[in-house]
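Below you'll find a set of structures to go through.
Consider the two complexes below, in which subunit A is the common component and subunit B and subunit C are the respective partners.
Then we have the complex of A and B:
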């Protein structure tokens, strides 16, 4: 249900790609992204080879193609927006096709990697890369409680919807902001409980 | 569970999260350096100030921001907006913790949901965490100084919410222009005008949420070091970090805006002016270009937008005061310690 809800987070399938070490995958992905971003506009060969590599990886990793396309469509508004701004310019630069190709390649790379790598692997790589511990703790806790809080927000939204009549926009803004505020209060109370639990298990 | 139509996501994606490929190498490196400096400073401050008890709150606050962005507020004609949350986080947690939290949100959005590019992460962190959170907090803090009490705080969060949204958009437009992806004039005009509208929603939602939290748990906001309620005139302990984040945001904005907006060599002067401006946090970088620009064509549009931005800032400040007056009735929100 969570997968369905977030809509762009696919449940992992075992495959050749998902069994590779996380550091290797992240490193290769970073290399591909850096190379693509820095590649000159005319480097067709690079773009084609990147597309081939991505295609092979998708085939091996068994990530559904439809899912990938949906995710791409979800994230394309920025590309369209910039294209629109450029189209409105009298002297269009005409370079946005390259930008669109580049951003599509990079997006696909990130989507494929994030759907074949467990998040704990990513955290491990970050720890190896000497990212400050406080930041890693925060990232780990956010990832752990992300879906919990999103579900809590949805429960509160449903409870609110079943209790209030629609009395116009102003009143709805009031109730919705109360929901958001309540969500923060609950999050911070949960944080206190988590701290106690962490201490009880010998944290620090 | 109801699936959100993609249009609701659109506002957020279009606006802020820059994907890979839109930013070239030099911009990526410059923004990464500035972001690393800002996040490093924030982490140091958090480690120094935050009691261990509050460490899990950072992660939960990040998850909260993510969840809160899913709650849609109806706007006219079937469209809807949602909280971005930079200034709200800063008002609730303090600037350093807010920058850490916002950075976390951006990192997770980037790696897990591919929202925002990997190489553009530095730019996104700079726009939304350093400028949106840290810079927004400078404005919030300054207004809070001028207008004491709950009413002042509500006005401050509404005004700072608007300013931070617009400033982040200006910064984003400048980075895109500096990378040569779009022309400065077009990007500036489009981004700023759209965000001057989005920012109004952000300001109102931030104010409403802050009030809602204060009604339930008045103690939660006090962690940020702001005096909540009357009587609590303890001085804010972190003036240094406020100035630090303000300077960093101003420096970055000047660095990105100056080369694209000022083709002539005396850009340094306008940098200085902007630094002075931003520092006082009144009508910041938006107003600065208007002074010198009378060049026809696209730049005229940018200049007009800048003038409109300056006028809009004054209008929004008035609106924020009115909002606070309407929301906080005299003697109504009297807070017992």
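Then we have the complex of A and C:
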């Protein structure tokens, strides 16, 4: 199910890590990411200690390892693609392992934090950090309606699949483009209704 | 005494040319509970949007809507929206905050209340709708019945004197429907309920208005209108079971 790719585990599993204050987790995560990005290629000690911290956090957070790996596989191609291109260039050969290690540490940190911190907690921290209100509202609405859109796409996919009798690649691309177009139209119509609902409760 | 809702000769045409309302006129007295009936596409939802000033006053708009004596005009929108609580048909359109507590607090925050007052109103509305202790739950993880109640809580927290509900019981299971009906029964506000749930109308409302093709085709006491089989069938409705099999002594 698509929801597995965008959904979070924090709502399903309570743990020591999920009970920690959101601000602390986000602060530590930011520190780990900045430290990893700035660490020189030879700083093996830093990478190993980050891996140990992450390993311990995962064990304490009770987030399923398979889920983490799946999510990592889903997010890695973008960064690992860069590492691969780097590896194939004779002039820059040697740096790609560092890129791969750094990206894996950073992505795992983000995945673990996002799956042990409720989204409302993240928004609260952003508010405390005085991020502009409009940006927070936009992020909150995006997160809220991502699930509605995914569910809508899934319903349309099922409806399409139930009336797809022949499997042709061309037809599949054609129907996919129709679904994407429809999703866009439905999303914009929904946006209008949400705006009306907000106005009805006094949004200015 | 001012009518709670007064609609006079209201016509509305959408920008694609669809004529949604044609000369609609009616009055609803304060405290009255009125059922708004009619087939799909008869203009019920459009009419409810007008009560909150949500449709732009451009070409295609004619007539007048007054809420407790105040005309629905761009200058009066704040006053109007304080008075009219609109519960939308699709709960996902209405619940846009990450958690229920934040969503219910949204309206009172927009009213400019203090943090303590916002919290008090939100807690009261949650308790009133049977959602006490649900505040931390994510809005997208609720059941449909819970979403409906959360929507109502969000509107009740603004303490409106008029409630306009669009298909409040659609997609609810029998228990959810029964609970929602009991909830509505306990609310003292003036209510206008657009619905296909005719049994709900019989149980809650004293009066019904039937819309078809954007015009009012009947307006009168619920039992009289809903017992009129010819009228019901002519406008895509039917006599509800509750009236067909009503016990002669009950």
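Basically, the second predicted complex is superposed on the first by the 157 of 204 C-alpha atoms of A that agree within 3 Å, B and C clash if a C-alpha of one lies under 4 Å from a C-alpha of the other, contacts with A are read in each partner's own complex, and residues count from 1 in each chain.
The definition used in the following text is that a contact is a pair of C-beta atoms (placed from the backbone, for glycine too) under 8 Å apart; a residue touches a chain by one contact, two chains touch by 3 or more.
All figures in this text were calculated on a predicted structure; none of them were measured in a lab.
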Figure out whether A:180 sits in contact with subunit B (first) or subunit C (second), or with both, or with neither. first
Regarding the shared-chain residue A:202, is it in contact with subunit B (first), subunit C (second), both, or neither? second
Looking at the overlay, does A:119 come into contact with subunit B only (first), subunit C only (second), both, or neither? both
Does subunit B (first) or subunit C (second) touch A:144, or do both, or does neither? both
Thinking of the overlay built on chain A, is A:194 touched by subunit B (first), by subunit C (second), by both, or by neither? both
Could you look at A:71 and tell me whether it touches subunit B, subunit C, both or neither (first, second, both, neither)? first
Counting residues of subunit A touched by each of subunit B and subunit C, the higher count belongs to B
Interface residues of subunit A shared between complexes with subunit B and subunit C: 119, 140-141, 143-145, 148, 190, 194, 198, 204
Please name which positions on subunit C make contact with subunit A in the complex. 49, 52, 54, 78, 81-82, 84-86, 88, 90, 92-99, 102, 106-107, 110-111, 136, 138-141, 154-155, 158
Subunit B contact footprint on subunit A (complex, rising order): 1, 4-9, 29-30, 33-34, 36-38, 71, 73-75, 77-79, 81-82, 85-86, 88-89, 93, 95-96, 99-107, 110-111, 114, 119, 122, 132, 134-135, 137-146, 148-150, 152-154, 157, 169, 172-174, 176-185, 187-188, 190-192, 194-195, 198, 204
For the complex, which residues does subunit B have touching subunit A? 1, 3-4, 6, 9-10, 13-14, 17-25, 28, 39, 43, 46-47, 52-64, 66-68, 70-71, 73-74, 83, 92, 100-101, 103-105, 107-108, 110-115, 117-119, 176, 180-183, 186-187, 190, 204-205, 208-213, 215-217, 220, 298
Subunit C contact footprint on subunit A (complex, rising order): 11, 118-120, 123, 140-141, 143-145, 147-148, 190, 193-194, 196-204
